[in-house]
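The following pair of complexes shares a single chain, subunit A, combined with subunit B in the former and subunit C in the latter.
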Partner chain A sequence: MLLQILVNGLSQGSIYALTAIGYSLIYSILQLINMSNAAVFLTSAVIFYALYTSLTGSSIALTFILTLMAAGMIGYIIEIIAIRPIREKGDSNTYALISSIGVKTILEQICQGTFGSEIKQFPTLLDGKYIDLFGARTSAIQIIIILTTLCILGFMSWFTQHNRVGRGLRALSQNIRACHLMGMPVNTLIGISFAVGSMLAAVSGVAYCMYLKSISISVGSAIGNKAFAATVLGGIGELKGAVVGGYILAIAENLVSGYWSMSASNFISFGILILVLIIKPTGIFGKKEQKKV
Partner chain B sequence: MLQVNNLHTYYGNIKALRGVSFHVDKGEILAFIGANGAGKSTLMNTLAGTLKPNAGEIIFEGEDITKLAPRDRVKKGIILCPEGRQIFPKFTVEENLLMGAYTVFDKELNKRNYEKVFELFPQIKDRQKQLAGTLSGGEQQMLAIGRALMSEPKILMLDEPSLGLSPILVEQIFDLINEINHQGTTILLVEQNAMAALEISDRAYALETGEITIEGTGEELLNNDVIIKSYLGG
Partner chain C sequence: MKKFLSLLLISMMIFMVAGCSNGGNGGGGEEKAETAADANGDYHIAVSLPFTGTNASYAEYIQMGLEVGLKKLEKDGWLNGDGTGKIILDYFDDKNDATEGATIAEKIVASSDPYYLLEIGSFASGVSYPCATIYRDAEVPQYALTCSKSDFLPTSGDWGFSLSVTQDTAAARVAAYDIEYLGKKNIALIYSSDSWGLETCKYYTETAEKLGVTLLASEKYEDGQQDFTSILTKIKETNPELVMCFCAENDIVLIRQQAETVGLECDWQVSSKSRTSNVLQNLGDLGENLYGVYARTKDLKDPVYIEYEELYKELYAAKFAEDNNTTQKYADQGYNCMLTTIWAIKNGGTTRQAFRDQLATLKDFPGVQGPISFGPGRRVLQTQYLSQIVRNEAGELKWVNYEDILNTFDVDAVAGLK
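The block that comes next holds the complex of A and B.
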């Protein structure tokens, strides 16, 4: 039973973690909570569904790659249209936050308009295959989600440590002015951070719908909010915090729903969110922010 | 090499530069001295492109660069090593230097410049893998200058390199600036420490509330009564 809960928690936590990285990455650079992230989660799943049912029906891999590319472009465009003009005027982050909520609403409306409001069947991998893991009955897709996420986390770790662009993103989170002075392409890098966040949300969105084997217009906000709670729990602005927060939250939820009640598990995320904000607003890994003068 | 004509820049609501004109010759060390709030940093940031002037023009090697972004100026060979060093504290010394090479795509060239920085600053060579935030003030200043040198600048602009350093370190930093200049980089220096700046500079300007009041060779300014009274504590 406990092992079963753990596996469920890990696969669900993977989905939270991927989306949470997007929140954390952009926050670390711009101190902005990018609310459009959850809508990109939904939009990507809808794009995947639309591509799969109309064009690329035979290949999940091809559909996935095209969806990732689309999500990256959407993220980059969101930054150019909705965030950059506010940033460059030097206006407060509150304006950018509201702008990102606007983007979220628009994307959700577009999805609703094109997709409709009913629940539809979503393509999945290795349907009906189960793996017996030391007595825990695990669906194959759960294992795929966990392993894929581990690969992505490994890649992200390499990307931010050893890649020129990834290092640039970390430099931005430390001192944007110095980045300008060193001749770094600051706007492009910020655009890339949105693209990366969106692509991770896309993986998360597609994985979640594959796990559910269904898609509806409400998947984005449910997971988006919990991923945000996970980000805060781990310490917003810290990428490893987003990951750890995601897994802790999902395992806690599964423990509650396993040993107590399903409906109570939904309160856990937001209960934790409020508790963290009261007791340690900087989260597990977050450090007290030093105000730059 | 660099010609600046009638530059006016606002810093917030304050008119920090009121028609500044000067030129920098190739190979020289040019210093701007002035008190706090004279407009020195505003001038540096306008030249680096992080502040936009309201009027005036900046000509570099015959080309008008007044409207260029900071990145394009760095590519052309003008870089600012900012006041307060502004290194990346959570990066290692090595990573900081790599950020300075963001406009250089030639790997061999980067390697050579990387070695050159450590020849200039052997103190930080042993600390390549150390986080920059844990370095001493003097080492951070060396790192900041080294980072700027990674872009192979033609003009290196230094904003208050002596700030917060002990007299011995100030002397060491100014010796190194001299050395960088001897190796062929033109230096544009801004300093409150007028004595140290004038001693190494070929020419100098005194900046006062956004205007150039006195100009001359470093030696002339060292012997100028007004300068002695206002800046050298005479």
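The block that comes next holds the complex of A and C.
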């Protein structure tokens, strides 16, 4: 039973981690908690479902690529419409946070209006294929989710260290004003960070619905909160922190649900979060900001 | 003189305040002694349902049923048969939240323009129940068609009505079917943590214990939960013969699919809430042999059903086809609610009190699933049959009721309800 719970925790943690990276990426640059990320998670899954059932027929790969492109565009547009005007006015990030909550609500309402409130079957990969991992029954999609997360984590690490755009994002996270003065396309780079965050939410949303084999409009609500908690737990603004936070949270939840009760799992996971914040407010990997006086 | 004037002024103010509060009893400071109709002779009904949130699909179905009922009335020439006397439904979204529901209830009872003859809704007992005292105190009929909470009607004074059997009755019947009819002794339970889930779990467990069965596991989950693998893994360890689920239809789809993922193999039973075509459609082959409970099967040759189906197809053709050419269960209930409401108004229920008195007399009214009668407590008298998803000769999966079951198995006696 323990191994089964750990496998379930790992696949669930991968979903949290992918979404949490999106939160972390944007926070590291703008010190903004982009609440619209959870709605992009849902919106992407809805787009995937709509494309798969209408336009692209049975091609999961093509549908996935189109969904990623759509999610990237949504992220970029969210930044241009809802965040950039506030940022350029120099207003507080609190306004941007409220604006992102507004975007989240609007996206969720659009999804409900177009998709409806019923649960629907979602296409999945290698349905009905299971592997016995030392007694833990593991579905093919669980393995795919875990491996995909690790690959994306590796890619994000390479992207931020070695890619020109990724290095630009890192530079922004250190000092936006200096980047401006250096003539870097700051607005474009921030837009790209929103696009990348949204694409990660899309991967996570589609993967989660494939795991559930179903989609309903409530699919993003719980994950958004958990992913945000994972981000804070691991150290907000730290990519590896988001991943580790996601796994810790999901495994803790699964252990508590499995050995105690599902209702207690929220209590425990958020209890861990509060404890970490009390002991180390910057989260597991977060560094204390040094302010020059 | 000054003292006299002050006293006079205070007295006038007291009279004015008293006058206002007196009128507030009927709603909106306006007593409507003769009729609740507006200047055009139309009646306004408030409908409070969870159009957003986890129960939104149920709200959608009920709305469909109500609209089909209105369509029928329109075809019949409205209430007066000559195109006058319309019924106008105003929908409110209570988001499946008791606080939101109470705010809406306060708004409905205080409204004078429009003046509502009655309120229909909400879906969940956890929302209808807290609103019951608001409607009762304002003397507004509350037609909580799906409210199954046992003490809802006593709380609502004489102003509440329900088209659902109580949770204690329904849960006890399911336990009796599971244990004594199906012979299951190793049972695990999964239930939602809302008011309905908690109460049905309690009554099911009590009846099971009376019948000599102790449940192997009893697992509660929170609203919005999507991943059930941890509790299913836990239940799998107990090796149950049957898992009973008191869950919403969307949740049972996820639970059953994830049971496959963790390799939990046993029989499954759902409450009447999830005995829906949506579950059948989304589970596919996994749904085969799933048990449920249900009211009497719709008689497809019954003229009441035939008329309903025609109107339903007229309004919701795509949905009808999507659901394997059947009407939604909760739409049926919405339609029954609308038909009985129309009947009560047509038979003199044109004020709130007259409506309440008239509806309470409903007996053998021809509904979609046979005659509808209210018992002394203004709750529908309804038999529930064991039901199962079976594959027919054409290879299609269908919900089928065990219609003859009550000839040989007195479920109410076994459940201790007699």
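Everything below uses one rule, namely that the second predicted complex is superposed on the first by the 290 of 293 C-alpha atoms of A that agree within 3 Å, B and C clash if a C-alpha of one lies under 4 Å from a C-alpha of the other, contacts with A are read in each partner's own complex, and residues count from 1 in each chain.
Convention: a contact is a pair of C-beta atoms (placed from the backbone, for glycine too) under 8 Å apart; a residue touches a chain by one contact, two chains touch by 3 or more.
None of the values given here were measured: they were computed from a predicted structure.
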(request) State whether subunit B and subunit C clash or fit side by side on subunit A once the two structures are superposed. (result) fit
(request) For A:167, decide between first (touching subunit B), second (touching subunit C), both and neither. (result) first
(request) Could you look at A:216 and tell me whether it touches subunit B, subunit C, both or neither (first, second, both, neither)? (result) second
(message) Contacts for A:262 in the overlay, against subunit B (first) and subunit C (second): which applies, first, second, both or neither?
(response) second
(request) Report for A:175: first if it touches subunit B alone, second if subunit C alone, otherwise both or neither. (result) first
(request) Go through the superposed model and pick first if A:231 touches only subunit B, second if only subunit C, both, or neither. (result) neither
(message) In the combined three-chain superposition, what is the angle centred on subunit A between subunit B and subunit C, taking C-alpha centres, to the nearest 10 degrees?
(response) 140
(message) Per the contact definition in the header, classify A:44: touching subunit B only (first), subunit C only (second), both, or neither.
(response) neither
(request) Using the superposition on chain A described above, determine whether A:5 touches subunit B (first), subunit C (second), both, or neither. (result) second
(request) Examine A:183 and indicate which partner it touches, taking first as subunit B and second as subunit C; both and neither are also allowed. (result) first
(message) Applying the document's definition of touching, compare subunit B and subunit C: which contacts more of subunit A?
(response) C
(request) For the combined overlay, can you note the least CA distance between subunit B and subunit C, rounded to whole Å? (result) 39
(request) Determine where on subunit A the residues touched by subunit B overlap those touched by subunit C, and list them. (result) none
(message) Under the definition above, what is the set of subunit A residues touching subunit C in their complex?
(response) 1, 4-5, 8, 12, 112, 116-121, 130, 137, 139, 142, 208, 212-214, 216-219, 221-223, 253-254, 257-259, 261-263, 265-266
(request) Using the touch definition up top, name the residues of subunit B that touch subunit A in the complex. (result) 48-50, 70-71, 73-75, 79-80, 82, 86-91, 95, 98-100, 102-103, 147-148, 151
(request) Flag every residue of subunit C that touches subunit A in the complex, lowest number first. (result) 51-54, 56-57, 59-60, 193, 219-222, 224-231, 233-234, 237, 249-250, 253-254, 257-258, 261-263, 278, 282, 284
(request) Could you please specify the touching residues of subunit A with respect to subunit B in the complex? (result) 164, 167-168, 170-171, 174-175, 177-186
